[in-house]
Each structure stands twice: as C-alpha cells, then as structure tokens.
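Take a look at these structures.
Paired with subunit B in one complex and with subunit C in the other, subunit A is shared by the two complexes that follow.
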Partner chain A sequence: MKKIHIYILAVTLAFSACKLDNLEKPAAGLSGKFIDAQTNELVQQDIIRGTQIELKEHGYDPVSSQFLVVKTDGTYENSMLFANTYTIQPVRGNFIAVEPQEFKISPGSTLDFKVVPYIRIREASITKTGNKIVATFKIQQNIISNVKKIGLYAHVDSRVGEPMRQAATERELNAVTDANQVYTLEIDLPSNSAVLKPGNQYYFRIGALIDASEAKLNYAPAVRITI
Partner chain B sequence: MITKKTGILVVILALIGFSCSKSDTDNANGGGDPGPPQIPVKEIVYDETGCLYTSYNNLVMAGYQGWFAAQGDDSNRSWYHYRNDCGFQPGCAAVDFWPDMAEYSKKYISPFSFANGNAAYLYSPYDEESVDLHFKWMKDYGIDGVFMQRFVVEVKDSNPAGKGHFNKVLANALKAAKKYSRAIGVMYDLSGCTSQDMAALEKDWAEIQAEFRLFDNVANPTYIRHNKKPLLTIWGTGFNDNRKYSIADVQQTVSRLKGPEKKVSIMLGVPYYWRTLNNDTENSPLLHALIKQADIIMPWAVGRYNADNYNQTAGTVLAGDIQWCANNNITYVPLVFPGFSWGNLKKDPSVYNSIPRGQGNFLWKQVAGAKISGAKSLYVAMFDEIDEGTAIFKALRENEVPLNGSGKFTGIENNLQSDYYLWLTGQAANWFHNTGNYSAVKPIRP
Partner chain C sequence: MKNQKIFILMVLMPFLLSSCQKVLDLKPTDKLQPEQLFSDPEGVKVYMANLYYQLPIEDFTFFRQGVNFNGGDPNNGGFAPAMVTDEAMHTEFGDFIGNDDFKWWEQGYKLIREVNLMIDVIPTLAINEAEKKALIGESAFIRAYAYFSLAKRYGGVPLIKGSQPYGSPESLKVPRSTEKETWDFVLQECDVAIENLGTEKGRRANKFTAYALKSRAALHAASLAKFGSRAPLTGDAVTKKLVGLDAATAAGYYDACIKASQAVIASGQYSLFRPNPANPAEAAENYRLLFENPNSAPEEAIFVKGYALPGTSLGHNYDIWYQPAQLANGWPHPGRMNPTLDLVDTYESYDAPGKSAPIVTTSDGITGDYNGYSPTKNYIRYDSPNAIFANKDARLWGTAVLPGTLWKNTPIIIQAGYVKPNGEAVIRVKDQITIGNNTFHTYGAASVTQYSGFDTYGGNNTRTGFSFKKFLNQQKPVVAGWNQSTTDFMEFRYAEVLLNYAEAVVESGTGDAVLAAKVLNDIRKRAAHTTNEPLTVENVQRERRVELSFENKRFWDLIRRREFHTEFNNRSMHTLLPLQDLRALPATKYIFVRVVVPNTNPRTFEPKTYYRYIPGIGTNGLVQNPQY
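Here is the complex of A and B:
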C-alpha cells in the first residue's frame, strides 16, 4: 500500500513537473528603429545608460516593467518576449517625450518611433590632421534648454560614446547655442598614445548633451580612423 | 471521428459562445427592451457673423482679477483684496505693487501716503471708468484681451456681495471690450470649492450667459470663441494640493456644460506637470481623459521656475506638452508671467520680489521660449494682479511707491516707465500675431 502511495505521489509530481516544463518559451519579439521625424535618419544612442524602451505586459497586476536597450545606431530588437498586449514607452531618451502606447506583440513584431531629437549634430566632420583628431560640427537644438556640454569621444569599439570611451575632449557650454556656429573639438594623439596607439584603428564620435532631467547625449555617427 | 473528450469540448465552447453572444444579439437585433429610439442630438451652430475673435490661436490674452474694491465705491466692500486680514493701513496690506493712478478719472484716497506727505490713491474696478481705462490700455499696447476671473466661492448665491461685485466688474469689462474691440472670456476659478460647488458654477454660468447675452454675436462680438463655440475656462483641476473636489467632479461638470449639443468650448487650467502626472499634479490618468474632453489647456507655470532655471525646466516640458497636445488635437496655451512678489500678502519680507522681473528679461525669456517651442498663443498672468505682484498694468516704480509702515511696497524697476510691462506684452502679442521681427533677444523700446 505504501508503495502505491509513493507511486501515486511520484506520478503526481511528475505531472506537475511536466506542466511547468511544458510552458511555451517566449516566442514573440519586437524590433524597430528610432527615426528622426524631420530627417528620417536613425537617432544615434548610447549603448550604456542610453535610451530604453519600457514594456508593461497587460493582464498582470501589479506588473513589473521590462526594459529593452536601444543600440547605438538607434535600432532595437528583442526576440524573447511573450506574445501579448503591452504598454510601450521609450524612456530616458535623447528626444522629446513620447507617449506610452498599447501594442500587441507577436512573433516578428516591429514598432518604429518617429521622434524629435533634443539636438541634431549637423555638418559633422572628423579627420586626422597632423597629430590631432579634429571634429567640426554645428548644433541644431530642438528645445529651448541649454546645451550642457559637447564632446568628442574615442574608443576601439564602434559603440563609442560618452560612457564608453578611451579618450575624450569635452567642453561645457551651459548655454543656448547658435545654429550657425561651427564648433571644433580636438583630441591630441601624442598625449593619448597610451590608449590610442599609432597604427591602430579607433572609432570617434561627436556628442552633445541637453540640460534636461534624465536626458541622454545626442550623437553623430561614429567614424573609423587609423591613427 | 469525434472522441468523447472532443465532444465535451465542443459542448463547452458552444455554451461559452452562446452566453457570450447573447448581449451582442440583443443590441444588434433589438431583443429585450430597446427603450425609446435614440434621436441623435444636433451640435449647436452659432452665428459668428461679426465676431472678432473666433479662435485663441495667435492671441496674447491676460487674466483679469477685477477683485479690488475701494472704500467709498458703490460695492460697499471696503478695501476688498487691497486689505489683508490685519486691515489696510501702513504696515498692513495684501498688495505689493501700487497702481500708477495718473490716468484714472475716478480714484479713492487710501490710508497710505507718499514720503512727501501726499496721499496715495487707488482705483476700484467696480467703477466703469477704471475698467474702461484698462481696456483702453490693452488696445493702446496691442494686447488682445483678458479672461475675467470668477471665483466660484465668490459668486455663489450665499455670497451676494461677491456676486454683485463680480457681475458689475464683468458688465464694465464687456462694455469696454466691445468699445475697444478687445477679446474677453470668462474664467471660473475653482480654488476653495467643494464637490457641491460645481452646481453653483453651472448655475452662475447659466445666469451670466442670459444676463449678459454672452453668446450673442451682436451684443458681445468680442467674446472669445474657439472651435466654433464660445469659450469657457475652468481653472484648477488636477492639482495635488488636497482640494475638496475631484477630477471626476470637474469631468462631470465639463460634460454637462458642453452637453450633447456641444454648447461651449472648454479651456482647462491645469497644473504645470499635467502630462507627466507628478510634482504639482495628482497622479491620476483621469486627468488625461478630462483634458481630451476639453478644447484647450493652460498649465499654471507661476512659481514653477525663475529666470535662472527657466530653460532647464521649461525646455522639455514645453516640447513634450506641445507634442502631446498636437497628437490629441488639443490647443496648448502656455502661461507667462513677469515676476512674482507677495511679501505683504504673506507678511514675510523674504518673499518680496521672490521671482525678480529682471527688467522684463524674465517675461521675454518665457515669451521667446513658448514661441520658439511652437506655441501659438499665450496666457499672461496677469493684467492687474498686485497681491502676487504679477501685474503687467501701469504700476509705480520702486522709488515712487507709498510708505508702508515697517514694511514696504515693491514696484517696477526704477529705470523703466510705468507702462513698460504693457509695452513688452504688446511686443509679445505682435510676435504671436506674426508681425514684426522678434527673437530670443528682448526688444529694445524706442
């Protein structure tokens, strides 16, 4: 009799276990782009501490938010989500606030965000001139806040940015900028030779930060230069 | 072949389907008691022939308190709103600024004197002449018009003195608005209200509509309209300062005021952080539902920033607000104010000029900020508010004000003319009318 009980218990446990094991793995996914509403270009981001997309899955109360990280080029992708309806909102971005929206995520869903970046880096140029990397650019700001700082960042990885750099030159502006002014930033190579080694390839990227709560830097695309 | 299990499943599904679809069938086919046939209510169409202000777009309008009374005027309210709870005599007043009385034809000797011993005078908006002068100034300086403040607690039936006062001031203002072709609107302020007071608002609104023929395009051709309806403003919903009425109360009031015929357009005065539902704003999504029911919103910005932190505070707020409103087809009217001072009202010398005017630089910074961010119109707080020192009308300079016992009165900057803030607001109106050449740099007065 005892044996039978154990047998029943084992079978019950096995079924319970099977039930858990049989849960479908997340098979849905969401991908998309952050597109500048005016230029239709991708809005460049930081990989570290950059824009995130907050997802709140419907049907759970309370619900914990999930956050998707946006890539440096302004695209994002996550293929491990449960199919469901979500409330989706980009947060802590480098563009004018976007409202939350309801969206049904299924396998291969795409959702692009048309946004207005706080700052556009225009007419950007990064070149090696003598022993220096010289960046010139203009700033178009799309909100009235001060531009806090501008920077030129260098890293061996293409995801270079303010939080991911081996060398940098930054300048505090703390002012509303003139759209016609050309800004110049330089990185001196000999004085950074410990991290920027001659003959190697590095990525350089221009960034600018608006002075607003939780704002992230806006960037021009990274440029690869052999120094 | 259908197994036993499958058969049971089919039956269950059928039952679910049956139970789920019943109500739908009723609605679609008129099963059960359908009630009387619904006749669609027709939206009201107003005759706007001759109306001068059919939209708030491109206008710069101010708030008009009109709440002062003078001892000796016919309101019998003594020095109402000039006085503080300690009275109205040197050392005790509710106002920080002193009106420049040079052009008033009717004035009252006050208990205050200037340093040279001359008596200081004040005006009463209960007098037609004084309100007429204010509207003349609006025309002279190119300011489009004003919203007449009506505090619901002041115009309730239980407050006949208040109701009489505000009706007389409104009558004066409507007459002057017509004479000088200035826009005019009514703005109810819910401060101090309870849920029950919403009925008083609706009653008062019905009364003044009838008494003053507010919607009559001939009687009041300058009453402001928006979205083809007369505009009514309700100020004070969504604030998280423990008010004794709720967003739901206001929502029901708005629904009734509009009615199925959509009788009026509504502008809502909301807190500054209405979109993000934080800081000064109740964290309730119902506020957004209410805003979507309205036509215009005007967020209250007084005290939310000063000249030093304006750009940082307002930059993302303005941009985000304007985008939200555009997405939801709501007109967005940012508020600007010249400065703030309420040392006498609060009996606290530390809050004289607590937000300095900075020679008009602070006001212009906001004007430019709003315009550059994409706003189409402005609300200026306020035309005649001297309790909180936000007035733009002609006021005495700092070195001209009467003595105030151990305290003081503040004034506008000594190097400016007493009409400077009227002039600067008129420049803002030019810019919003898209005339003249303006930028973030404050215009220089010729």
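Here is the complex of A and C:
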C-alpha cells in the first residue's frame, strides 16, 4: 500500500515536470523591396554572396546578428521572425550605404529601402547572334570610384550572377567609366559546349562591380535565351 | 528508551558536525595533486608530453573537426583539409568550408591554461637551472604555437598570460586583444623560447624549432598586413582592430621572418635531404622517402610528430583512406585523395623550366578547353598512360601515383575509357569491346579489384585521374582497421624555412635577394632541376605549392595572402581522363582529355571565412568576428 502511494507520488511528479515545448513559434515576419531612389525600379541582387539585411533583436546583450538574404529581383521576405523591436540595416550591398534604423516587426511587417545603386546598367540588350551571345549596355556610376569589372554571366537557373554561373565573360576595367560608352561582351557558344548545350534554355545577365569596400555587383535583369 | 536515543544523538551531534568541518579540504585519493606531480622530474616529463600532444599540429589527424582527430571514432570518410584547396578532391564528397570547420578554440584555451600552470610551477621545481631554462623555453614555444593557431583562425584573441585565480566569473572574462597585439605576443613568446632553448636535436622543441615557428608566424602576419586590403571586411571587430593589421606593419613582420629564417640557415645545423640527385627518377624517390620516413632525414626535419602505436591515438589513417583501390587489402573505402589536374599543371617541366607546365593533350596546345572528348579534336597519342608526364618535375612523381606506374610492385591502372575504332568514345561507363582476339575494358581491367580509377564503385577510385602517394607507406600492406599507420609527420622542415625566407625577401624587397634566389633554386635542384629561375613572387609561390603540397600549408597560404576568395570564385577543379585510343590498333596508344571533375559543383569562398566565428559570445561577452 505504501509502495503504491510512493508510485503515485512519483508518477504525478514526473508528469507535472514534463510539459511539451511551451515556446510560441515565431509568428511575425518582414518583407520588402530594394528600390532605386531615382528610377523607382527594383535593384537587382545576388542570392549567393549578395546584399544582406542585418537584424539585431532588442532586449539581448550581447546579441548575435541575424542576416536575411535578398532575392535576385531585389525583394526579400522572412516570415519566421519573433515579434520585437529590431535594429535593421542592409549591409555589404551594391548601393550607397544605408543607416541602421529601429523597426518594430509584427506579423506581416513590410519595410522598403530606397537606395542609390553604385552602378545602373542602362540600355541593356542580350541577343543570340550566330554562335555568340552578345550583350551591349551602358554604365552609369553613382559614386566616384573605379568600375572594377564588367561581366556577362550564364546559368541554367534564373538566379544567375557572378557567384552563380556556368559560363562567363568578364572584363577588368579598373577605370572611371563614361556614361555614353557602349560596352559589348560576348560568350562564344562552341567553346562552352560542355555547359551551354544547343537546344537548351539558359539565363544571361549583365553585371558590373564598383571598386568599393565589400561592394557587390549591380545587375540588369536576367534574360532567357534558347541556344 | 526513545528519549535516551535522542539524548545520545544530541550528545554525539557536536562531535559529528565538528569532525566534518574540513570536508572540503579532503584530498582525493585517486588523483595526483599538482605538488606530487611536479615534485618528481618524471611527473614533469609526463605533463610536458601531454602538452606536446595537445599542440595543434596540422598533420595526418588534422581534419575539419579539429586536430588530433583519431581518438574515439576516427571515421571522417577520408576527408582531408587538402580537399578544400586546389590540391585535391575527395572521390565522393564535394564539401567546402563550413562555419564549424577548422576551429580550435576550447582546445586552444585548455592547452593555454595547462601551459600557464606549467609556467607557474617551473620556479618551484627541484631541478637545476639549465633544466629550468629548457622548460621555460619549451613552455614559451607551446604557448607561442597555441596563440599562433588561435590568431590565424580568429584574429585578435584574449591573451591569458598567466594562470587565472578563480574569483567571480566576471574576473575570468578577458576581452579580445587587437590582432596586432596577438601576433606581437606570438612573436614575443617565440623570442622567449629562442632565448631559453638549447640546440640539441630530438623530438622536443629546440632553439631552431622556435625560430622555424617564428619564421612561419611572422610571414603569416606580414602577409595579412600586406594583402588584407584584397578582402576588406567591416563591422565592430574591424573598427576595434580585433581583426585586421595595418599595411604599415607588414615591413616589421617580414623583417622578423627574414631574421628568424636566416638564423636557421646560418646555424648550419640543417640542410636539404639528398640535395644533388643524379636524375629525376632518383629525385622522385628521395622526395617520397623524405615523407615515408622523416627520421631518415634528420638534416631536414626540424620538428617531427611521431606515430608509434597502431590501433591507438598514436596511429593514424592515411594508408587506409588514401592507398589506391587495387591495394586496399580488404579495407572497404580506399583511394579517397585525388590530386587535381590543377595541381599537376602547376609542376614545372624539365623541357621548359621556370614556369608551370599545364598538361597539353591536343596538338593545338590549348589547355583551357574543358568541353570533353570530341572525335574532331586532334589528340596527341602517347605510348603509355603516363608518358604525358615524362618530363614533369620529379616531385609530381613523388607525390601522386600516376596512371600505369608501379606502386608496391603493382601497376596502378587508372583509365577512364576508350575510343572505339569508329571514333566514338566510351567514358566513365563500365563496358568492354572485343576487337580481333583482344578484349578491351573501359577501366583498363575486367574486375573492380584490378583498377583504381573512375569507376564510382564504393567511392574508391580516383575521379581526377591521379592517386595519392606522399606520406604513404610503400613497405607494408594496408592493415584494414583504424589508426594502423605509423608514418611520422614533419611539422617543420628546412625547405619550408627556406621558402619562408625567399617569400619574405621578395615580398618586402629587403634582405639578401641573392641568398633568397639561391635557396629557392637549391630546393629545385633537389628536384633534379638543372637551371636556375629568378626570384619572383610567382616563382616562390609555385615552388611552395609543389614542394609543400599536402602538408596542409596551401589552405593557410590562400588565407594569409587573401587569395581564397579570388581563387575560389565559382571554381571547379579538373580531371585528366586517360583513354585508350583503339583507333591506333594494333599499337597500344593513349590520349588524354581535360574535363571538370565529374559529379562536382563549383565552389565559392565567402570573405567572412577568412576568420572563424568566436564561440559562446553570449557567455564570454567577446566581440564577434565580421558577418557571423
């Protein structure tokens, strides 16, 4: 009898000690766009090694930063954040640095960043001419610095860019550019036949990199071409 | 009756309690006390041996998981640090550098705590002054080594220069010093070691081991200062100078490297092993021997880590993982270190010395075409699967098992396929064809036990066209079990000191350029080169790559020279496919095709990886490294 009592006591204690995970899952979220302050167009990005948004949650010290990546089209979204006030700053971007701001994240919050991209790629055109993919474009710089390099990148995925490519043609410029000059880059198809197979579709994208600390490339939108 | 019991208890109580007063001062009877250990010179030796064991030596047991990764379960799939550089690929894995790879923090501070304890007791030991001096020197060497390993991973770190008395937890928290202060402390500790250590050679550190460490560490710091701007980082840690060195500090560090290297060279205590071979074949064999048994080369080996006991943490696993598949001797997963074509290209040719000699496969001489076999291309036909390497640097032959060469008296067959008489190629598919009375197999032999290349069976056959040789034991068959290899590892060798010297001179423009050119060419001469090359940045770096390949130096060379993010920007490694050309029948001819390593993805290095993340900042309150 006494033993049973002890068992009952032990079992009661054991069960009361166990509760399923009682933390609420993150219910808030943040989404938005990187918008060119002058043209109101989205600022194209890289998904790998691209611009990131640094989030520092308030109420913890020290706090580990969270980093959100940005989609190639210049939009971003994280729908699994804890509702709280955060200090938010886009970092290591392809635009003139943006100051950090405090922002209260709640379910469905949106926050757009008006930015000035380092470089605008204008009048971009990518076409297949004979056995070549030919890109022509002009470069408008928005800061006084050298343009390090320009490139034409190819990948089977639409998120093509400098860090994500199967073939590329790059040219080192290391000079300040003239906004009226037309640049031409070509990818020769036969000499890349192992990766760019005839009859398949690939995405091609023009990029340019400014010579600034931790700068990322600026891009024109990717173009799909059947080769 | 009951009252009486209580009474007795009450009387006894004060005695019982008083006898317990010193319970916290009781000494455990199953552990040695510091005084007991350190009062006996043998105890000091045991303690010191343990400190040496903990040194973060990046040898056969250095993997992504850390150093000394051979205790417990040593199964890491045969992944070696060389496989995140351009030296090698794994037969199956394509992993690159993860956040948690190559860290050394907790073990580092454990070693530092234990060496600090040693430093504390040295003055109290009952030994003579000379022995005390030696211990002071060794302790400083170990501490310098530990902080060097921390600095190259984390930048500026908390400098714990003495035992920390236990007080409040807050008093134990030491903030990070700047990266400059950390490097300066490493060099300063090297100086203490140099000053106190003797010149006797053995397995323990001597004066020249400390000079060699200083040479390596100073070159690392100098390179960070000179090339840091190639990969600028931003953030709190940068603003506070916890990571990064000013470019202006480069000169001082190069000078420290030059002086330390010069001290080793001028001492006359060391020289290159077998410096004047008669021909390339002899040079290749000498080079192989140097690593198969460093003890045969006491003139070159400055600091050797020994492996002596098979089956324990004093054995390692290079032979089971990396011997070619044909010689697995029952081990299920051999052949996993695949030297890349990129490395093979780097070696010079005796025909055109002084520059890298990429493997030419077609008569047009183009080496940048990775589009695969085409019947319309004009391939050069060779008489054997290794004739294409005939004039390549002897060290290639001493480092890699080339297709069709003998290893352990067995011809190692590495063949990717054949070209049928009609010009159609069958590549990396198990197939056979009978022509006349002969049957030809794509992989060069009929059964999976008879070849070592390209078949994906078991992940055991090279997919780059090269198998691995350096460090492997040619004398003994593979023992199919854990930790059975006992090849020793040279952590410091004379050739590295010479290369450090040459690099510091050419990068800084100071020092003795004539001597630097001489030592650079001495190393080449040992590899059977007969002409000299000039001292240039490019030549020194190529020489480092080929001479020190697979010694786990390349990873840090890419880090310290800030070349990783440019070298590994969407980078694929390359393979050389040896194909038998059946169009040439009845003659036996081979052609070669340069391709991207099959079944791999390109890899990209993220600049934040130049530093590891600091663990536990929530508790230790340290400033985190950029982008973590």
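To be clear about the criterion, the second predicted complex is superposed on the first by the 207 of 227 C-alpha atoms of A that agree within 3 Å, B and C clash if a C-alpha of one lies under 4 Å from a C-alpha of the other, contacts with A are read in each partner's own complex, and residues count from 1 in each chain.
Operating definition for what follows: a contact is a pair of C-beta atoms (placed from the backbone, for glycine too) under 8 Å apart; a residue touches a chain by one contact, two chains touch by 3 or more.
The model shown is predicted, which means the values in this text are computed figures rather than measured ones.
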First, second, both or neither for A:Ile210, with subunit B first and subunit C second: first
Touched partner set for A:Thr75, first subunit B, second subunit C, both or neither: neither
Which of subunit B and subunit C A:Met164 touches, first, second, both or neither: second
Partner chain(s) touched by A:Arg49 [first = subunit B, second = subunit C, both, neither]: second
First (subunit B), second (subunit C), both or neither touched by A:Gln140: neither
Partner chain(s) touched by A:Arg92 [first = subunit B, second = subunit C, both, neither]: second
Touching partner for A:Asn131 - first (subunit B), second (subunit C), both, neither: neither
First (subunit B), second (subunit C), both or neither touched by A:Pro62: second
Common interface residues of subunit A - those touching subunit B in one complex and subunit C in the other: 213
Subunit C-touching residues of subunit A, taken from the complex the two chains share: 48-49, 62, 64-65, 67, 91-92, 162-165, 168, 191-194, 213-214
Residue ranges of subunit C in contact with subunit A within the complex: 232-234, 369-372, 569-570, 595-596, 604, 606-607, 617-618, 621, 624, 627-628
Subunit B-touching residues of subunit A, taken from the complex the two chains share: 96-97, 99, 116, 118, 142-146, 176, 210-213, 215
Contacting residues of subunit B [partner subunit A, same complex]: 275-276, 311-312, 314-316, 318-320, 323-324, 327, 368-369, 372-373, 440
